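Scroll down for the structure; my scribbles are underneath it.
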Amino acid sequence: MKVEPDDFEKERERLNRLVLSYAGKNIKRFFALDSSVYREGALDRKTKELLGLVASLTLRCDDCVRYHLSQCRELGITDEELEEAMAVALVVGGSIVIPHLRRAFEFWTLLEEGE
Amino acid sequence: MKVEPDDFEKERERLNRLVLSYAGKNIKRFFALDSSVYREGALDRKTKELLGLVASLTLRCDDCVRYHLSQCRELGITDEELEEAMAVALVVGGSIVIPHLRRAFEFWTLLEEGE
Amino acid sequence: MKVEPDDFEKERERLNRLVLSYAGKNIKRFFALDSSVYREGALDRKTKELLGLVASLTLRCDDCVRYHLSQCRELGITDEELEEAMAVALVVGGSIVIPHLRRAFEFWTLLEEGE
Amino acid sequence: MKVEPDDFEKERERLNRLVLSYAGKNIKRFFALDSSVYREGALDRKTKELLGLVASLTLRCDDCVRYHLSQCRELGITDEELEEAMAVALVVGGSIVIPHLRRAFEFWTLLEEGE
Amino acid sequence: MKVEPDDFEKERERLNRLVLSYAGKNIKRFFALDSSVYREGALDRKTKELLGLVASLTLRCDDCVRYHLSQCRELGITDEELEEAMAVALVVGGSIVIPHLRRAFEFWTLLEEGE
Amino acid sequence: MKVEPDDFEKERERLNRLVLSYAGKNIKRFFALDSSVYREGALDRKTKELLGLVASLTLRCDDCVRYHLSQCRELGITDEELEEAMAVALVVGGSIVIPHLRRAFEFWTLLEEGE
């Protein structure tokens, strides 16, 4: 059940290549747009990754959560900042979010250990 | 269909009083917790309201969106910051978010006009 | 915004007739099944209506909530029993459920007044 | 509660203009992409509109459903074809879809009457 | 794919400890509230666990389903009672619930065998 | 993580037998209905399987997606047709669909290799 950050990243890249091998221009444009919205702008990168993280938690997508956690880690988001974003996600999304919260904190710990 | 900010706020308060007239201690605690997670902490109020807004948009709850828009307005969030948070919500949540985006921008305009 | 129980019931019946005027055998079978699962069995009617109510609240469907509230009322479910089921729905589903909780308690009050 | 097709279309256009007056390039690109995926290709327009309709019904977005119903009508989709797509949406999405099915068939009737 | 009840319980406890090691007072309060709503009150424990189960099935969270199944088992809920609650969840939530129903009945069987 | 089509099919059949061993008449009727809506009618089988696929993708159920992919494959749906249906699902459902899209294209590749 434990997902190692390196394995996660490799699998994600392998499957993205597979998707793009099938993708026509609409799917390709969506992928470009999906990178574009997290770029620095009026809101900074950290805020945008936290937005992506909380949206992913309340929509309950573990892979999306793991991806945003990696980005949060690289941007230097602290444990305290993360915990507060998690608390917002938990209260908005309810107890159904808890299993995702468990896996999220485990992945966060593994990211920390891997540094 | 147009929801005026003042009417929205009055109706919300009226119905919150109704809920609390029925509420036992668990529902009351939930309401307290729901206020508590948006308080200033390691993350500032603006970031937390944007987290609440994006979660509400991707979960597609117009009333929740309107509430967070009011808070964003009071905290001085700019049109540009709002638009970027909206773009994250749209890309994460997909075209199904668009009708909520429409109503959100209309409410934002009404908040602006009411100042 | 206030939905009167009588209007709700009439509109629901009018539109059900409309759906059934278009429905082939699959949609008709689904409607029959939808009545069948709430019938008395190993679980009593009250429990089943509460199951329908909590599922409708966490999936956030106001019309479904109103329908199950009417049934709960007819079956003599008390304010205390209702409040506890609502608390489960709120904690499982999170703050995104609150606007539906507000409308649910208002409808419950109107059902009470109409007696 | 009854939504007239003409009013729906005007309101949709008015609010789309409002969204686009705030939109930066990411939201604009999303809107372009949202038109692009329904264009004739390996799958024909009718199939694509039915895909959009069923996705909108199972995700339970009335405005999205109404939009796709208008498109289905213009493309000459018959009552029988519509009913079968509706049946798939109902079985996949469950009874929680029923209130949306009611409003969908009402809008379909109004589209028919307006011709 | 088969999840053994003992492994499930141990993993759940291990990860709950991890979450609580990061948790500030809001997340801790949420966890307390999440226990509190299932306590005996105007509704009995069995009814409340069935409410939690059906909400978890319609929101499609396997871990939440497994937790409530364990509780249902301990409270002496019978196969017939369980099946009827499952049928409500299936009809409300639709065929998208079926994969979760499969895993739920398998876990229920394993709970039975472990006694 | 890679799910082989043969293993998937066997596991699905094993668990369906388990569900049906517990099922009363309501669950059995639902299963019958779930087969019935995909039968040839005013809409052909290919269109109906694509409807089921897109609904499953936007509701984000991997097992449902895999089942409909198998059916699509048997019905001779081409890579281009599949990609266009996927693009609709992605735009309607948003980036949260991407992890499911990855697993869907992998399963599609495995179905192709198994022929």
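Going in written order, the chains are labelled A, B, C, D, E and F, and every chain counts its residues from 1.
The criterion applied here is as follows: a residue touches a chain if its C-beta (ideal position, glycine included) is under 8 Å from a C-beta of that chain, and two chains touch if they have at least 3 such contacts.
None of the values given here were measured: they were computed from a predicted structure.
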| item | value |
| --- | --- |
| Intersection of contact partners for chain A and chain B | C, D, E, F |
| Chain whose mean Cα position lies farthest from chain B | F |
| From chain E, the most remote chain by mean C-alpha position | D |
| Contact-richer chain pair (by C-beta pairs counted) among D-F and E-F | D-F |
| Rounded Å distance, chain D centre to chain E centre (Cα mean) | 36 |
| Distance from the mean Cα position of chain D to that of chain B, given in whole angstrom | 26 |
| Centre-to-centre distance between chain E and chain C (centres being mean Cα positions), rounded to whole Å | 23 |
| Residue numbers of chain F (touch at least two other chains) | 24, 26, 30, 33-34, 37, 41, 55-56, 58-59, 64, 80, 83-84, 87, 90-93, 95-96 |
| Sites on chain C touched by chain A in the complex | 58, 90-97 |
| Complex contacts: residues of chain F adjacent to chain A | 1, 60, 79-80, 82-84, 86-87, 90-91, 95-96, 98-99, 101-103, 105-106, 108-109 |
| Sites on chain C touched by chain D in the complex | 11-12, 15-16, 18-19, 22-24, 26-27, 30, 34, 55-56, 59, 61, 63-64 |
| Chain C to chain F touching residues, read off their complex | 24-26, 29-30, 33, 36-37, 41 |
| Contacting residues of chain A [partner chain B, same complex] | 33-34, 37-38, 41-43, 47-48, 50-52, 54-56, 58-59, 64, 78, 80-81, 83-85, 87-93 |
